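Both of the next two complexes hold chain A, though its partner changes from chain B to chain C.
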Partner chain A sequence: MRKIFTLLKVQYSNMLEYRVEIALWAVSGIIPFFMLNIWTNNNLNEEININNTMLSRYFLSAFFVRQFSVVWVVFSFEEDALLGKLSPYIIQPLNPFFRYFTQHIAEQITRFPFALIIAIFFFLFNPESIWFPNLIFLFLSFISTFLSFLIQFLIQSVIACLCFWTEKASSIERLFFIPTLFLSGLLAPVASFPNYVKSWIYFTPFPYLIDFPANLLSGNKTNISEGFIMQIFWILLLFPLFTKLWHEGTKKYTAMGS
Partner chain B sequence: MNKNKYLAVYAKFLHTSLASELEYKTNIIIDAITAMLSLVGSIFLLSIFFQNTGNIGGWNFEQALIIQGIYTVLNGVTNTWFNPNLREIVRHVREGTLDFVLLKPVDSQFFISLKKISPSGFLEILLGVCLMFYCIKINQIQLSFNFLILCLITITCSICILYSLWFFISTTTIWFVKTWNATEVLRSFLYIGRFPISSFSFSLRLFFSIIIPIAFITTIPSEVLLGFSQLWKIILEICITLIFLITSRRFWLFALKYYSSASS
Partner chain C sequence: MVKNIIEVEGLSKSFNIASKDPGVKGTLKHFFKRQTKRVKVIKNINFQIKEGEIIGLLGANGAGKTTILKMLCGLIVPSEGSISVSGYIPYRRTEGFLKNITLIMGQKQQLIWDLPPIESFYLNASIYDIDKFEAKRRIKKLSDMLEIQDELYIPVRKLSLGERMKSELLAALIHKPKILFLDEPTLGLDINAQRNLRNFLKSYNSENNSTICLTSHYMKDITSLCKRVICVHNGSISYDGKLEKLLKNLSPVKDVLIVCSSEKDANKLEKSGFKVKSKVKNEITLKIENRNVSSSLRSILNNYEIEDLFINEPPIDEIIEKILVKKKYTF
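Moving on to the complex of A and B:
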């Protein structure tokens, strides 16, 4: 535990070095707001029974959830594996993924003020959508965002482990990102999806990545217990898969560049 | 400027970068699947918008599909040419290897923006063109020679504007060193090029026509294809293209004055 704490402190000061960069990352996440603009500007939301205010809250929440569940472990891992930087990390008595994990958490802490600034701007333009979720829901959505982050982190770690076999795993990640983008609720709430998609989508991990936490935060209706159960289910499914791949992979690892 | 020399150099660029890209064959297949899925995804999103309404910003589904086609082509061009080269510029500046580029007896902008090519974008271009032909069929557009010329001109202009935008951002590397994130911002802005500009509110429309001319990049070529574009819009697009190309060139030459080599 102390190790993690130390790593977190190191990574946080590391991240503070790159404030501008993180600010730009935060800005690049504003796609949900463009989508909101299309929805409300064309009155598309009347049919799905979500009024303008609720929809704008939904998209703002989606923006927040996305900001705090962005994962890029594949890209760091691939670079480290290709350049042979991974070798010293593997020798250390600490799984290198802890290093990446704390890196992500530290980045999220640095990111928080920027996300808040963007939210304030959003409220300036849409004053009618200001709301404060009650503490229970705030807490629940915080938990579910963290679980969503964990799911994505595990998925990407599984993909990253494929680096041991294919060298370039980031293209697999880009492939996987497409369904995440379109099905997670970042661009359109899952409630608006046609029925033939809704019938199976709740069995996939995607709606629990953004739609579920965003609904919790924005106060739109959602099935709370089912959401949490599914999130935990996916984590329990992915974690053993990751540890297995990691053990298999490190055996195969051939320390490039050394 | 010796045209033949540049053509010969470009042929060498093509050869070397294709050879190195083909090292990762499975990657190319995965990228191809990604391109297809991403097109399916954006059509899916479009169909969600249209499931309860006949038109968005005055465009019906069949017409909006044309914008998707053009966006896909442009995205393919970005992935094939702009993106890999841009990554190189950032690397050149960070590691100080830009010196070697500047010392070469070819134009530095030429070298830096055409050095690399990534074949995975080709399929996207192909998909986009197929989608456009399909749209021409379902919208019952009469093809004529003049009309095709106009389409080509506007699409070429779009590519030039897009190139200038990317090149602008990569030029800022010389001061800020890490612009990788700035391109992500541009990428997310470009995302709205998938939809007709008239479907956004007035303030966003203004922003995307004046500050970042995304409105011109996809909407005008689509309007030309559908045959309801006015002449002044086309002329305006050509003017904007020229302005962008010239300023991005000027900006590059200006930035080079501030380049202080990293290793020496």
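Moving on to the complex of A and C:
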């Protein structure tokens, strides 16, 4: 635990060196606000029986969830594996993925004040949307956002491990980009999807990445126990897969570039 | 008796290497039907290294030195054969093994680029379960030895190459490894920095009785640090033994420059039966076999009026060049 804490401290200091870059990244994540604009201007919310205020809160929550669940481990790992930067870390008594993990957490901590400022601006322009979530729901949404981050981190780590077999594993990650964008609830609440989509979408990890935590935070109706069970299910499925791939993959490692 | 800390037996490593013909046709062919060939880069090598030894791995680019180092430190898995390092099988990367070794690659860095090195040192200390107090003590000691006290608090990106390399070394040694694998540790450093690094490695070795296994293209690194060398040629070992013996056998003669008191004496010496390399006025250079140097010099000093005398070893690089191209040495 001490190792992780020290790693987190060091990564946070490192991230503070990139504060402007992180602020820009935070600003670049405002896609839910564009979607909100499209929804309200076209009165689409009426079709799904959700009022403007609740929709605003949903998209602001989606923005927050997205801010704290962004993952890029596959790109960092691929670069490190291809350029041989991984070599010194692979022979240290700590799995190198902890470095990436703490890097993400440190980035999220750095990102928090910027996300908060964006939320304040959002409330200035939409004062009717101001709400303070119930403390229990705030806590639950925090946990579900972290679980969402874990799912995404594990999905990308699984793909990253494929670098040991195919050098450009990040191209596989791109296959996940479109379903993540459309099915996670970033562009529209999953409740608004046609029934035939809803019949299968909950068996995929996507609705638990944005929609479920965002509904918890915004106070929209959602099945809490089912949401958490599915999040934990995906983590329990992905984690052994990742460890197996890591174990097999490192046997294939050729320490290229060094 | 000093025990073997590294034992390598029948070690081989093969890689699948993709091959592609040049041009558009070759690219298209490569796209649809990828061709790979299996290349054996290390071929059935055997050697042992004793605790506290400093070994130099010599060889041309692509001979297989770095691949051997990577297998010894557990970065890559051998295709055949066995390796034991301090009783561990390296590629299993058990915690006990990893805490015993370190790998320093001259062209790769583990320090965090935008932070001062001290942050990376404390991070490494916690990774290796070293408490803060002990870490502080070790950082102080190593930074004193490496003379980088002031540089500890400057972001890595602002350090010179030499300062960075010293910091890399400190980061890699904070856990007091018993075995050091160094791949081109002085690459790109100026002469002073190279000398400082060599002196540091020497004192680290004598203080901790650590075993050092290094590759370098700078022959000064090898000659000043290693008593024993392993020459690698095309993935096989062409020589394993004392560096001195190798140099002696590959260079059996010395150049002796004699400054005679007159040209007449120099002419006399020229005709006395010694093998003459060159002669300019009263200066004459003789080629004398190593085993005859002392007797020849005695005779010259007794029979000729001489003003000065210089014994020149042949340039080490020239000798090493011979090593790199020959397949096998048996002396």
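Just so we're on the same page, the second predicted complex is superposed on the first by the 258 of 258 C-alpha atoms of A that agree within 3 Å, B and C clash if a C-alpha of one lies under 4 Å from a C-alpha of the other, contacts with A are read in each partner's own complex, and residues count from 1 in each chain.
Methods note: contacts are C-beta pairs under 8 Å (C-beta built on N, C-alpha and C of every residue); 3 or more make two chains touch, one makes a residue touch a chain.
What you see is a predicted model, and the numbers here were worked out from it, not measured in a lab.
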item: First (chain B), second (chain C), both or neither touched by A:28; value: first
item: Which superposed partner A:122 touches (first chain B, second chain C, both, neither); value: neither
item: Residue contacts with chain A in the superposition, chain B compared against chain C; value: B
item: Partner chain in contact with A:92 - chain B first, chain C second, else both or neither; value: second
item: First, second, both or neither for A:6, with chain B first and chain C second; value: second
item: Touching partner for A:149 - first (chain B), second (chain C), both, neither; value: neither
item: Touched partner set for A:14, first chain B, second chain C, both or neither; value: second
item: Chain B versus chain C as contact partner of A:77, first or second or both or neither; value: neither
item: Common interface residues of chain A - those touching chain B in one complex and chain C in the other; value: 18
item: Sites on chain A touched by chain C in the complex; value: 2-3, 6-7, 10, 13-14, 17-18, 84-85, 87-94, 250-251, 253-255, 258
item: Chain A residues touching chain B - in the complex, by the definition given at the top; value: 18, 20-21, 24-25, 27-31, 34, 37-39, 41-44, 46-48, 166-168, 171-172, 174-175, 178-179, 181-182, 187-188, 192-194, 197
item: Residue ranges of chain B in contact with chain A within the complex; value: 24, 26-27, 30-31, 33-34, 37-38, 41-42, 44-45, 47-49, 51-53, 56-57, 176, 178, 180-182, 184-185, 187-188, 191-192, 195, 199-201, 204
item: For the chain C and chain A complex, residues of the former touching the latter; value: 15, 66, 70, 73-77, 91, 93, 95, 98-99, 101, 103, 105, 107-110, 112, 114-115, 119-120, 122-124, 126-129, 172, 183
